[in-house]
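Just below sit the structures, each encoded as structure tokens.
Look for chain A in each of the two complexes below; its partner is chain B in the first and chain C in the second.
Showing the complex of A and B:
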């Protein structure tokens, strides 16, 4: 068990982070290169002001027409993304491992708060799942891969929760958790989770196109 | 006579109380985390004497060490002190912070010797 844990939390963690960082850089550079080749004029009207205007509106709850249209979905979406990022980044256990490996540390959440955020993420994943299964207009645009992505995101939280509480067989869930986290990191650049990388660019482009060319708003 | 008995009985109970309340490593079953401001984890299990016997650790100063000018003193030991008497909650120079002193000492040896727990929940048992 210890050899497995040391392998997944050592060499395999390196592989996962290299795939995540390297893959993300590759996808962003490839995207910019493609725009430069196919539609280089886009760069001529990119505007910092309209880019930021669009991004700021879209990261503020209810600041866009779209966010006001379905308030419940909007609240769940925002709460979900905040917990999804804040919980693992500021988790005491994760920072402890960074500190021991690299001698770097930062502010951490109390474990009890992180635990509640974990439950929130799992609940939001269930909400998204039920929505996909029951709402006809969502079901219509759902591919099997959407369920896979939802599972990839939920898995580190579910297994992390079980490991933290030491339910069932602790070492097994601890190892599964590390594996699940690594699968998620590695999947970000190569699946639709890449919206994490591309959404700022999409908003910047839309904001500039609407602001400069169409003289209107994209929110 | 009655007064004498009371004094003797009192002295007896006082002595018993003192013997029982003196901390000894023999019956230590976990490392006391109360030196940390607001402990987040259950106390780490550590049956002091039993552990050191099964792990075959001969020297007390394997853990209860003493440094002078950055040099480990081979024949000195500090079992009359707690780790937290020297190690602060933040690192100072070469001296690791208290959490890292514990983790470095315990987990470090377990990893090196391929024996003993290395996952959080194996030491911080709920």
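Showing the complex of A and C:
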């Protein structure tokens, strides 16, 4: 068991981070290169002011027409994404690992808060799952891959929660947790989780088109 | 809203019995191999990172759905939602690597041409800013290259190609019509001219071909306004006078380029300072946003001024003396291509308030207004789809009805497609409202020679 843990938290972690960072850079650079080759006009319209106007509106809860129209989903979406990022980055156990391996450390969340955030992420995933199954307009455009990516996101939090509370066999869940986290990281550039990488670009372009050409709001 | 005269069963039957040679004959000539070749050719050579990124970034959340009047008018049936329509077209093409059966192309062409107006309201609803209208346009482009386009709109594209105008207006009919309107108008405005080919005029006034074809009074009114405001204007006597562009909506980008080039070059030949266009939305999109870019101009090579903007200027400078403001309460429809696509919402309101006593806002309004369901080439697909078109905009009827309950009697619609679309809607849903252009109202209330 210890060897397995050593393996997943050692070489596999390297692979996961390499895939995540390398893959993300590759996807973004490949996209920009293709724009330059085939649709360079897009760069002509890019405007920092309108890109930021668009991005800032959409990353602020209730700042857009559609966020205001869907208050429950808006709250869930924002809470979900904030917890999804903040919890693993500022978790004491994670920062300790960075500290031990690289001698770098930063501010951490109290464990109790991180615990609640974990539950929130899992609950939000359930909300998205239920929404996908019950809302006709979502169900109609749902593919098996949508459940897979939801599972990929939920898994590290679910296993982390179980490992932290040591409710079942701790070592097994610890290994599963590390694995699940690695799968998620590696999946970001290569699945539709890549909206994390691409959404600032698509948002910026739409914001620029609406600001520069259409002179109206895209939010 | 009274119940329509025909029964629902009759309507259902009529809706399903669409016969369209442009589609039926086109489909009969297709094979899966040919479809595969064309789809992959368009997806590989004509699209790039943009389409790929849009498809890969969409997380299938469905948040665009309620932007769409089709979706809202069909009891929120997901097959009408923007993402639902992308799923049934572009996603299918990608998923099947282009190997669609001919009958599957029938569904694609129906969706792309008659179930989406490219109004771009869903663009404002998507958290990622995915350009759904662009994706549907690409589906139309593929249908065009497969030779499957609804017959009526294909006929207008043919007309553009042959005559450089949308309505097969022949060479001599154009100056004849202008001369006829000039003569008519001189009964009322003795010094009025419709100056043809006047080099160095400030403004070239361009219209869409339906105006000379069957709405010549609009040219009369425009001339009356130009005369009253003392504008130094001209119209071309030859090709290039038509600013409309149905080729843009059939995916025939090559013809779109030809007709826009002709329009711009005519303005350059006449050495005018600006092009002022009549109250048309899609033409504005073509001249201001789409056609110029196809030709490689990042912005129009000559300033393009839509009628709303032009009237705003004239009214602001007090160049149109008003006898008495328009009495009946009006409501203002915001056409997608000039409001969401051109930002003229506040100028449109300035004009409305300058002309009318009472302006009742419909809700939602400005860039969030609901589409008329006629634009984007949908009304141009002709009578076979009229019933689907009006039934697919129940939500607009409700929006107008709500404005009517707050007193609005007249709808101002500064766009030709909206005008025709809203007229069908008010008739079908028995709304008892009148529809006018800004030009109609200005002509009616301005001071005229005794």
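The working rule: the second predicted complex is superposed on the first by the 219 of 219 C-alpha atoms of A that agree within 3 Å, B and C clash if a C-alpha of one lies under 4 Å from a C-alpha of the other, contacts with A are read in each partner's own complex, and residues count from 1 in each chain.
What we mean here is this: a residue touches a chain if its C-beta (ideal position, glycine included) is under 8 Å from a C-beta of that chain, and two chains touch if they have at least 3 such contacts.
Worth saying up front: this structure is predicted, and the values here are computed from it rather than measured.
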Which superposed partner A:5 touches (first chain B, second chain C, both, neither): first
Which superposed partner A:170 touches (first chain B, second chain C, both, neither): first
Which superposed partner A:99 touches (first chain B, second chain C, both, neither): first
Superposed model, chain A: greater residue contact from chain B or chain C: C
Partner chain in contact with A:110 - chain B first, chain C second, else both or neither: first
First (chain B), second (chain C), both or neither touched by A:81: neither
Complex interface listing, chain B residues touching chain A: 38, 40-41, 99-100, 103-104, 107, 111, 114, 118-122, 125-126
Complex contacts: residues of chain A adjacent to chain B: 2, 5-6, 92-93, 96, 99-100, 110-111, 163-166, 170-171, 174
Residues of chain A that touch chain C when the two form their complex: 30-32, 34-35, 37-39, 41-42, 44-45, 54, 58, 64-66, 69-70, 73, 135-143, 146, 149, 192, 194-195, 198-199, 201-203, 205-207, 209-210, 213-219
Chain C residues touching chain A - in the complex, by the definition given at the top: 47-50, 52-54, 56-63, 65-67, 71, 76-79, 81, 83-84, 87, 123-125, 127-131, 288-289, 293, 298, 339-343, 345, 366-368
